[in-house]
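Shared between the two complexes below is chain A, which pairs with chain B and chain C, respectively.
Moving on to the complex of A and B:
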């Protein structure tokens, strides 16, 4: 990898930052996926802010800018913050959002006070310390990257070891508990993993960007898959891509600040996925909705035509239009669609159902009556089938014995008697 | 401390005045954020307005004034709108959507700020704030103070004018919609004001401490009362008090805004512990009193049953628990039981009357369960043990009437008359 980048003419410093950003993005993506799935997206944000007093206390205790002691301080303060959030939202009437905001604000405020004390005691500026919170990706060195690689390795090991356990507690915590799995311990493991990721990532990208690295890859990946394994892989890839592209954007020709560049790349990935993803994207949803409502209208049209055709073999178009409460141009468009599907003939004034149309309409009518009978006979079951009423035939949707009871009970329609 | 370090009453109290006015405005708006569970949206707004500030500075060339106000309000609306759109249209969970929107807008803001190299504003400044800078010159103090007071007045006016709309929208958004109060409009107006107030506080307390000042006093007030008007007054008081405490208790040359957040946190801790109804201490006291009452009643009922089957109460393993010992002592002092011999107790007339009511409740409930829930006889005792403490005379009469005044319970024991 290094040699390959060398041949691309990327200088050593950029390579260091690039490797660090990629690995950090990948680990944060994977860990963040669980945070997002468990509706804990903002926990990372709170944790990042809450770690400031820890950094300061570690500095005051150890007395110098020893990186590892600062990390430990940040980690412990972050965990205390998470604990306070849990206590406030469980034991008082405060809701989780307020608890997160309280911890975030007061811990950070406490940190700023400590920071000013350090400034006075040591005489110097606490630049190294507030850099810990604001993040300085460009100044990442080899030791930082080594630490981040350890984090990435740890994340990988954790996921291989506890994948199944995390999966179950994420999607069905009640079942996991019933199976006798240590629900609380798994939760704690995950929280510690989030805290470690945040703390190690903080000096590199800063508070706000860390929150983004946890959330954006997971939410972006979520648009493309329904499977956890693939989601984790995709989130790692997106996180890595954010790191890489952000670092490259922060280099010479563009010279953007690294952290914001990483976030903006992520935001672009998110926006593209949110619009264009195949099933969950906004475009796909919009099209599916359009298709659904046009299907519904065609169905309504057929039912109206069927009712009118009971009276005479040719149907007055105007009468059908008024019956369905359609505007003239919209009705014309509906008829064209139906003609394209081959369900009817329309010669300007009169409408005639084709053989295929008649068959389909008879079926739609029968479905309608069956659903009506179902609603009358089993109003208690109706909720579970609400999604099927418009789109499915009861013959496909209902259990056979229920269907049988409906068919027996229902007085057969005149039309059916004739065929 | 601080007061002696820089003894210049004009600047010292000027600074405090700015902080108090800002905190009160934040606290009032924060009440609605806490009630509507929008606290984290408040956090998002304080970050999301950064591009607005940067653009304001870029176009007007000034760090204060209408430019950054307008920019902040526009981007505050944008933050609120994008958060809602992303969660509703793209089907992203609300907290994730907040996380995405504010980090993105904040990044845009940081990048815009790098385009203003000669301006005295950077990310660190936005984060940490610098209340001290306000007092550098009287002129800038007056400017900041006027802006603060105007945003406080705007907040108060908003709350007074839209009092009932905000109230209904906060507690029952669907009802507000049905009554034609347009909760969406209220939501966006609120978000606009939060942006306005947080941008005026930015320069003084920093973007993170603003979050504390928005949420912590309101949360404090929420723990102390159940009435909206009282909550607003309390929140304003807590906000002002934490400004004062933070200002006077801060270590020399310490960061005043940070100390205000810490003080607000300390006040919240007091509220969490000692709030009259929702505090931890009040809850513990309530639980202990209930446990004591139940222990006392259990002893009375137990003695009654032994009397019924002609046994004396000998020392019982259950008396070992402290609550039972306390209960025995209370019962003896109140004259409900007397010592018959060493280690045994007997009901007095007074105690027997109390016990009769309990036993009546217990056996009526057993009879009721048997009749209506069709439980087998060996499943009746445990639920009745729990319910007997909560069935008062009125409910007993209702049960008796429904069961046509049964003489015996399902186990064949006599139900005492009420």
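Moving on to the complex of A and C:
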């Protein structure tokens, strides 16, 4: 691997940073997934912003740019920020989002003021601390990267070890507590894991962009899977890719700021997933919606044709069109579709149902009446079956005993239906 | 175990923001049975279950389960929360959820094994969901989601179960499956405490009933306690409800 990167002309220093960025991205992806599922995504943002004054204070106290003390300062300030949010939400009437907004703005404001003070003290140089705002991967040395990698690996291992526990308390905290799991402790562990990831991400990604590294891999992965284990794996891969691509883009010849580069790469992955993912993607949803509307219209057409066909075997097309309130071109399109399916013959003026069409329209009418009878007889169940009304026959959707009671019951006797 | 009461609730008061939602509840359950908790909206039915399970703090009083404090009996307790309490878009499938019932026994760090998976499948089978194990939980109908929760409780292999409105908004097939399961559990000598909202079916389903409206109105065998007089004390002057209840009392059928 190293030889391969060597031949690509990637210098030693960049390789080191690359490794760190990959581990950081993977860890942020996994922890971010739990944060997002627990609706804690904004907590990560608040944590990141709140850590900036900690970095500055640590610098002022220690007096030089010692990496470890800066991270400890960031960690403590982040936790103080979270604590203030918790206190505000608990003891005032503020909702959590408002508390987060207040803490995020105030702490970040403090941080930037302290930065400018440091700049004045140091005679115009921000002492490399400005890298913490937008991230500067290249500012890290080997020891820094090793520390970041170890911490990222540690949080990853912790999350793997406690996978089952986190899965349970994230999905159903009430059940978890009833089963005896310390919900609060697990929540706290997750919070500390978020805080750790945020803090080790700060030098490379920056205060402003760190939350995006937590959130984007998780929501991107969610488009592609319905299983938590695979979601975590995908999120780790996306995070890794973001870290790697962002680091390379921040190097020569591009020389972009690392944080924004990482986030923009992630945003591209997200945009592609949001559009193109099967089932959950916007395109898939749009197509499903289109298919649904067209099914609904065909159903309506069948009901109307059935009604009109009871009067005479040839149906006046114009009458059907007005009945369904369709425009002329749209109606023509609907008829063409039905003709293609072999339901009817249409000569421009009159519609004649085929044998298959007669069956289909009669069935649509029967299904419709059965659904109406069902709604009258079982209003309490209506919501559970709403998804089936339009697209399924009651004969397929309803349990046999419910169906039997509907068929046996005369539609007029709704009093009987109440028992 | 036989000498100790199954559930002993002593002078329990629960308050939210200094406003009591349960007032001085006192009851002892000695015989394994199916117990229904009924009462109007806001009577504290769910809160009572949550208080027993330690999910809400007690303002006063204490609770013992099977002769010990709750913390020592966690593995003998099964729980079915209200269906609306979770996000059904969560990325897990039906089998994942049922397996969560085994987590308590597994303890820290250990993952479910093939044997646990087989057991979870058996639980699904018993509640009539065989074949749905790979479905994402969001694809299920309301009744199937409720049955998934019941299968999870079943997987806990508990001695006493607490169920919060398991019959709310379910189809006839699910109601049948749940009732069948409750009776099977009872035959095995287990106790099931159910928050219930359909007064008409109370005498059919439960041997014992607790009538609750912030305070305990009455508790005991259904035929002795589920009377029009007690229902009026529980529901007050809400005539429409009393009408159906009165009808239920009059047309009471022997418990199956």
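Convention: the second predicted complex is superposed on the first by the 373 of 419 C-alpha atoms of A that agree within 3 Å, B and C clash if a C-alpha of one lies under 4 Å from a C-alpha of the other, contacts with A are read in each partner's own complex, and residues count from 1 in each chain.
In this section, a contact is a pair of C-beta atoms (placed from the backbone, for glycine too) under 8 Å apart; a residue touches a chain by one contact, two chains touch by 3 or more.
Bear in mind that the values here come from a model prediction, so they are computed numbers and not experimental data.
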{"item": "Chain B versus chain C as contact partner of A:120, first or second or both or neither", "value": "first"}
{"item": "Touching partner for A:212 - first (chain B), second (chain C), both, neither", "value": "first"}
{"item": "Chain B versus chain C as contact partner of A:110, first or second or both or neither", "value": "first"}
{"item": "Touched partner set for A:225, first chain B, second chain C, both or neither", "value": "second"}
{"item": "Comparing the two partners chain B and chain C, which touches a greater set of residues in chain A", "value": "B"}
{"item": "Touched partner set for A:171, first chain B, second chain C, both or neither", "value": "second"}
{"item": "Touched partner set for A:47, first chain B, second chain C, both or neither", "value": "neither"}
{"item": "First, second, both or neither for A:162, with chain B first and chain C second", "value": "second"}
{"item": "On chain A, the residue positions that both chain B and chain C contact, one per complex", "value": "222"}
{"item": "Complex contacts: residues of chain A adjacent to chain B", "value": "36, 39-42, 45, 49, 88, 91-95, 97-98, 100-102, 104-106, 108-113, 115-117, 119-120, 130, 133-134, 207-209, 211-212, 214-216, 218-219, 222-223, 256-257, 259-261, 263-264, 266-267, 270, 274, 280-282, 285"}
{"item": "Residues of chain B touching chain A in the complex", "value": "34, 37-40, 42-43, 47, 86, 89-93, 95-96, 98-100, 102-104, 106-108, 110-111, 114, 123-124, 127-128, 206, 208-216, 218-219, 222-223, 250-255, 257-262, 264-265, 268, 272, 278, 280"}
{"item": "Contact footprint of chain C on chain A as seen in their complex", "value": "37, 161-165, 167-168, 170-172, 174-175, 177-181, 222, 225-228, 231, 378, 380-381, 383-385, 387, 399, 401-402"}
{"item": "Chain C residues within the chain A interface of the complex", "value": "50, 53-55, 71, 74-75, 77, 79, 81, 85-87, 90-93, 96-97, 100, 103-104, 106, 108-112, 136, 141-143, 152, 156, 162, 169-173"}
